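In the two complexes that follow, chain A is the common piece, with chain B as its partner first and chain C second.
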Partner chain A sequence: MRNTWAICKREFKAFFLTPIGYVVTGLVAVISGLAFSLQFLEYVRISQDPTANAFSSVPDFEEWLLSPFLLFCGTLIMFLSPLITMRLFAEERHRGTIELLLTHPLRDREIIFGKYAAALGMVLVLLLIVLVDLGIVFYFAEVEVAVLVFGLCTVFLMGAAFISMGLFISALTRNQITSGSLTFGASLLLFIVGTLGEDLPETNPAPGDWPQMLRTAAGFLHGVLRRLLLEVRLDAHARDMAQGILQPQDVAYYLLFCAFFLFLTFRALESRHWRS
Partner chain B sequence: MRLQRFLAAVAALGLLTALNLLVWRQDFFSLPVLVAVAAAVVASGGWAVAALVDLASRQAAGPRAAGALSAVLSSAIFLCICLVVYALIESWGYSADLTEEGRRTLAPQTVQVLQALTEEVQVKCIFLQIDDELIRIAIRRWTGRNWRR
Partner chain C sequence: MIEVRQLSKYFGDLAAIEDVTFSVPAGQIVGFLGPNGAGKSTTMRILTGFSTATRGTATVAGHEVHTEPLEVKRRVGYLPERVPLYEEMVVSGFLRYVAEVKGVARAERRGEVERVVERCGLQEMHHRLIGHLSKGYRQRVGLAQALVGSPPVLILDEPTVGLDPRQIVEIRQLIKGLGGEHTVLLSTHILPEVAMVCGRVVIIDRGHIVAEDSLANLAGRTLEEVFMAALTRERAAAS
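Up next, the complex of A and B:
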């Protein structure tokens, strides 16, 4: 545990020894602040005259502003997570310091969890920045604390998922740019793949003149593919959570997603034993 | 190794062609799309077989292939465990509404009415705010056709 903490501290400090930490926090502060201000002004405009804006009454604050904003922050972290994770292992490999780290009396799990915790620390810093915007509103208006806290947990879980994937990709590559690009591509793919699932019809799309057996097989494959595409989408599970609906499967999805990619990172780091 | 690369390239090309044809024809089960998908599937199957053969031939050479095989197998098993755990949790069906007024929960009266239903009902939704995307999805679901503004 002490070793994990030492690695975590070292990695977390390293974010702010390079421009990466400042760039990421600065970008989140500017973009989330701007998005929140614009959305909040729009909410105020609608609230002043709801009927003129096709609303029967003042729209629900949590549903109309808080949840979409938190989901937006999760998406923003997705775009910025490659910047956080790309250097974790790739830079060590590039500089050759990975050999130094691996020859220390450290277990693989201490290295991986230390680096992962440091990256999660960065996500927490980003959440604190987001919390400043929400804190101002919290001061002036009545916001449901449970929904807000659970919404922030949702964003954190989304961030943890993106970070775990980035950590794995960083453990595979030697170059930071390659690692960052691959992480970004994979995150984006997981993000947009659900749209493809939504576009697929719910019923069996196989032509009616096909033999029954072939039709059934095509229908089964189509059903499995559709379900998989809908479930794998990273923000789909966050939608309900951000609105204050606690469903264990949504939380489990993110936890299992992180567990799977951390497991893959273990395997990637272990590969040095059989690669050499 | 050269055959593996060739098959991988054919699989990627097949997938790319299939996706483009799908966008053009708007029908997954049209012949050109199916041919491209079949080519991609056959090529990826060939690639997998070639990779396994290559791995098996290297087995005698040292622990490298065994290590790779063990990593792939353990990852696949772990993925299966994750999927099973997720399916189990999902089948539990628990849900909690954290809003103070219970805005995301059906009222007991509504639940009573729904439970009393004995036959299929038709639900009509009226949206105050018209969203093009929503209409597009709805029309496609109900008529099977695409809609453009």
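Up next, the complex of A and C:
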């Protein structure tokens, strides 16, 4: 535990000893601040005259502004997470410091959890920045706390998922650019794959003149694939949670996602023993 | 203190080292000598638990490197050949981090860092960024991190390479002073260095141990003669 903490501290400080920490926090501050202001102004405009904008009454603040904004922040973190994770292992390999790291009396789990915790710390810092935007609104208006808390948890879980994937990819490479681009590509793929699922027809696409057994099999496979594509989408599980509706399968999705990639990271680090 | 038995490491079909056997007695400084690419770094990397041997065993301070890597790592200070360091950290911050992961108790960390800083002559560089240091000072920081926690065994991979003559003399003096208290295995391809610093020598060529003896037993022959004779004998036998 003490060693995990030591690694975590060093990694976290490294973000701010190099420009990368300032770049990420700065981008989040500017982009989330701008997005929030624009959305907020739009909300104010609609609220002043709801009927002219096809609303029967003033639209719900949480539903129309807070949740979409938090989801937007989750997406923003997705775009920036490669910057956070790309250096975690790739830089150690590139500089050769991995030789120190792996010959100091540390267990693999202390190294991996330490680095993961440091990257999660960065996500928390980004959430704090987002909270500044929201804090201004709370000062003037009453907001449902549940929506806010679950919304922030959602963004954090999304971040944790992207980070775990980035950590794994970083453990595979020695070049930060490769690590970052692969992480970015994989996150984007996970995002658009859900759209593909939505485009697939709900009914069995197999032609009617196929034998019954083949039709059933094709229909089954198609169904599984469609469900899988819809479920694997990273933001699909965030929507309800960002509205303050907590469902176990959504939380489980993110936790399993993280566990899966952390497991792969362990295997990737371990591979040094059998790869020559 | 270090017992290596029939250690082999293959990269694909290429044998980096083959059936390497030697031992290092406690408290001695042993020179690990060989031409470039002979397998010195490969052997040292296995001894420090960084890489894994294909065959054979190696015991450091009573613990087998493959079955008890953590116990071995607790007892070994290692200076890798390229001296990799976290360049964005300051010297004292880096050494404090090393003390922490090496398990030095919180109350003793400051004293321990001061001790190695003084020993390696880094007092004036204490608050400098590692990335701004010259090659010689980087080497000292590498050595200092190996010394943190006073491990009984030190494995130093080419500790004097790339230094200016004055720095070489200083680092050699420093290493010489480590004998007795520490068991040191030091690799180099500079022959006079071994004669000056080490009490014993192990010569490796193309992955095989070709000679192992104490310097006193060389009986009048210079190290150079012994080295060249061992190399020719081995190469004649191989062809």
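Keep in mind that, in the parts below, the second predicted complex is superposed on the first by the 275 of 276 C-alpha atoms of A that agree within 3 Å, B and C clash if a C-alpha of one lies under 4 Å from a C-alpha of the other, contacts with A are read in each partner's own complex, and residues count from 1 in each chain.
By definition in this document, a residue touches a chain if its C-beta (ideal position, glycine included) is under 8 Å from a C-beta of that chain, and two chains touch if they have at least 3 such contacts.
These figures come from a predicted structure and were not determined experimentally.
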Touching partner for A:Leu106 - first (chain B), second (chain C), both, neither: second
Touched partner set for A:Ile245, first chain B, second chain C, both or neither: first
First, second, both or neither for A:Thr97, with chain B first and chain C second: second
Partner chain(s) touched by A:His273 [first = chain B, second = chain C, both, neither]: both
Greater residue coverage of chain A in the superposed arrangement, chain B or chain C: B
Touching partner for A:Pro205 - first (chain B), second (chain C), both, neither: first
Touched partner set for A:Phe263, first chain B, second chain C, both or neither: first
Overlap of chain C and chain B interfaces on chain A (superposed complexes): 273-274
Chain B-facing residues of chain A, complex: 54-56, 60, 62-63, 144, 146-147, 150, 198-199, 201-202, 205-207, 218, 243-249, 252-253, 256, 259-260, 263-264, 267, 270-271, 273-275
Interfacial residue positions of chain C with respect to chain A in the complex: 9-12, 45, 48-52, 54, 70, 73-74, 76, 78, 80, 82, 84-89, 97-98, 100-103, 145
Complex interface listing, chain A residues touching chain C: 2-3, 6-7, 9-10, 13-14, 17-18, 95-100, 102-107, 272-274, 276
Chain A contact footprint on chain B (complex, rising order): 28-29, 63-64, 66-68, 71, 74-75, 78-79, 82, 85-86, 89-90, 92, 94-100, 103-104, 128-129, 137, 140-141, 144
